[in-house]
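Please read the structure below before turning to the comments.
Order of writing sets the chain letters: A, B, C and D. Residues in each chain are counted from 1.
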């Protein structure tokens, strides 16, 4: 029986119609074998557009449908639903992409129209070979995994936990809090970071629905939407969490003092330590590489003094497998390494510091107790803040890091307030785009901060005049005055940009998600699906998707939580049936396919001496199909017949 | 095992003029290190600065002819002048990136039956010496270490900018490293990659002299007894204009300048004459006599 | 700019993996990057699905070239499907040699979902390359003009 | 920078008495004539055209260099100069006929 195919060519307003002669495509399609009807319409995805298809299926008895419009990544679900609603199996539908990969790539109308015909022709030929398939429904595990305990992860965790769902929050460091815990004040309101962050951290620590796995990381992630298994590595803290009361006696007695990472190496910590007093969980960890017992085999002072016997030098790292229905990645960012930009002398010239180091100086519980001091212990009387270090720079990162303008102004305020110093800001453009940000800029201007529009060329200690002797000289072209200026100062603060974390590649691999060109995780759609990824059930939030300030990160954390909740509250999800299948009669039992499958979805049936695909595990990549020497394996909706039909139509 | 490497060698116009000694010493030390330099047959001007600044396309054509000749020899091209390095690399880079430019140049070259496919790599001798020969081999060749000779390592502005992926673009260290291998003591020299003012001497002398002065100031304040150069223009500028600087600013600089190849040659045991050091304008005799044995 | 000496427009079949290359090609369109329309895309779930037979069939059916494009090694949505594509591609190249078909006619490229620009460049250079190579005409069906 | 300079030359925006344009032009002319830049003749020509008195001031420098054999007065002409001029001519023809129309991209100086 010949198929009855309906072809629908969308104008997409003028998006397609401007370069593709839709009428001519319809005429062409009408002439193709088995095409019963071909129509064009302004917007196929609109209700009337979908109605057209439904009506034809019912009235003309169409058995196959082709829609030529945008990318299937946009509207395939829309049309599949429409076809299904009209009583046709959704897999008897094929989409021809004549927008993203046709009308938008050329201005030549003739070429675009020819190409559209070729694409539509291939789809028509292919759809003939398509088969009805059943979608499988599987229950959704209601637990959610959140990776990263910065402000984004904290927000997401609390939102989900408050709705009554279980959250596993995995944090690499000994405590949650992230970068925000290191900051002194936050722009533009200048509230103290700790004052607004620590209550949230405490809530996470105490929440009955949140299981906090600190000092841990995700090493494996498998399964499919609604049913993932996450493998968590729990590093040994050498302190038993249940026993520890957080009294801090161990830390006090520990004889080893090393530079504190939390204080950017400006202050000290012990070998057994909490990064900062309000850490959550309030349990110290032993730094194995620094601990005297682990390095020299002697000491154990902490163990002697611990009143609860919580120190356990024998502790081993353990692994846990967690079952979750959705995952949110909130893994944050790294700061740009300022020593890469040699001309600013970071690491070479004393008193050139990074913005985060300034935050630690300024922080009341930081290494100087909140005083801004030079290396010689004196207060600076002139400070220069250099914007865009590593950002908007083709040598390093091309993008704008979004937060630096604002935090630089916050630093200008703090510096001025604490030292009375004259503050210079060297900027390329000032970006004060958020609520209350422009007003904050005005306030900083009124505090007599001197704004110099020009990217600093260098920071040098080579003096040219006696006034410059012993100072750091910032050289920059003042682009508003059109002159090169040399400003002698005591301290230079480098406003470093935000970068993808060093382990981003690894995390992307574990979770099978993509990264954008700048290295951050790639969202499904930059505007309309900013916290989704191409992988269903895996969401991203905060600065791991791109540089973000605190308000935006919190908003994304909450958005990702809503997305995850919406998924798990559906209770069940449908799975694409585009899995591999084996024709037992053709299978020679060579087992080549078994070794190729990355999901162990193929097993060998010893009694029948054939390979067997487990539908639930198969993700439908088709690698085994291409490898099968006897052509026994096929992939549903991507069968050889279907692909060859496309090939032939294109080449004809 | 002894290294043996073959390159085409592009001296550049400056080495035919006032900087003959650079050419002489470069050939000598390369030979000692097993670097076989064959002068590029009938090379032409690279199309540097003054040419590039007003005749962009034609400058690329000049570079392309040199590159085409080098490609025919199937060897990479070694240069000693950073301006030539930058210009030749720039043409290479743009012709690789820009299809239209590549075609324009290709059809122009065709008029003389030449073609360039883009396979030649342009390298500076300093980079080749440091990266290809390396510490161990260079140290074995040092027979007369420049022990505690305090040298300001001067790179000038074009060695790494903008194409110097082989070193830090703003604060190169390669020459410092090499000097240490030779037994010398490179001093802290923050102006190591700053402009010498060479091009300005004909067009704006006061600015040029100011730049020379700050370089000499910085070098001597950091204890340098001489300046090591890798650029012919920097070299002649520092050497020839010290008198003018002294006159203009009432200073009394007398800092000898030596090509890095001359310093290598000294450490390898060659004589001042063999290395062309006797042709210098400011004598290094006293300084070297103080530090280096039996010069 | 079309090469003056040839007005031949090669026909290229493109097998694009759904996660990276197809999305990247979509992005090229969304960003309105212009490139030659010679590659007609066929969407597959993974470049690992591309059976050498499909490639040979395409060439036999009249294609002048075939582009296989997937995720960068290490970025495969299915962990390592593209690694298998690499291995298969080497075999494919030998096969081409045996049939006397220029290796340049079949290309394997990595295009991530964010590399619209790169996709356009790949198509551009491949098209240009095939223009110089001329028609394949493996099935002998095509009339040889010029 | 170079682009500004090129535009300046194109539109004839040259400051009266400025040396730089003379230097550039002489440089280009000499390369076109000899294939290489003869340093000493270049300097002499530029100074003659702009500020002949400075030559007198340069005599002590010149003498020192001359005594050390560092003053070659005669330019060297490469043997492939006609080949180079042919390429250059072909490029001009192509540009004039507009076969390779449009500016060269990629240079953002």
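In this section, a contact is a pair of C-beta atoms (placed from the backbone, for glycine too) under 8 Å apart; a residue touches a chain by one contact, two chains touch by 3 or more.
Predicted model, so just to flag it, every value in this text is computed and none were measured.
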Chains touching both chain B and chain D, listed by label: none
Pair with more cross-chain C-beta pairs in contact, given A-C and A-B: A-C
Geometric centre distance via CA averages, chain D-chain A, whole Å: 54
Computed distance of Cα centres, chain C from chain A, in Å: 30
Centroid spacing, where centroids are CA-atom means, of chain B and chain C in whole angstrom: 45
Where chain A and chain B are represented by their mean Cα positions, the distance between them in whole Å: 46
Contacts with 2+ other chains: residues of chain B: 100, 103
Chain B to chain D touching residues, read off their complex: 13-14, 16-21, 42-45, 47, 50-58, 60-62, 65, 94, 97-98, 100-101, 103-105, 107-112, 114, 202-204, 240, 278-281
Of all residues in chain A, those that touch chain B in their complex: 341-343, 395, 458, 460-462, 464
Footprint of chain A on chain B - complex, ascending: 168-171, 190-191, 214, 218
Parts of chain C lying in touch with chain A, wherever the complex brings them together: 11, 13, 18-20, 22-23, 25-30, 32-37, 40-46, 48-54, 57-58, 61-63, 71, 74-81, 84, 88, 112-115, 120
Chain D - residues contacting chain B, complex: 2, 5-6, 9, 18-20, 23-25, 27-28, 31, 35-40, 43, 46-47, 61, 64-65, 68-72, 76, 78-81, 83-84, 86-91, 94-95, 99-100, 102, 104-107
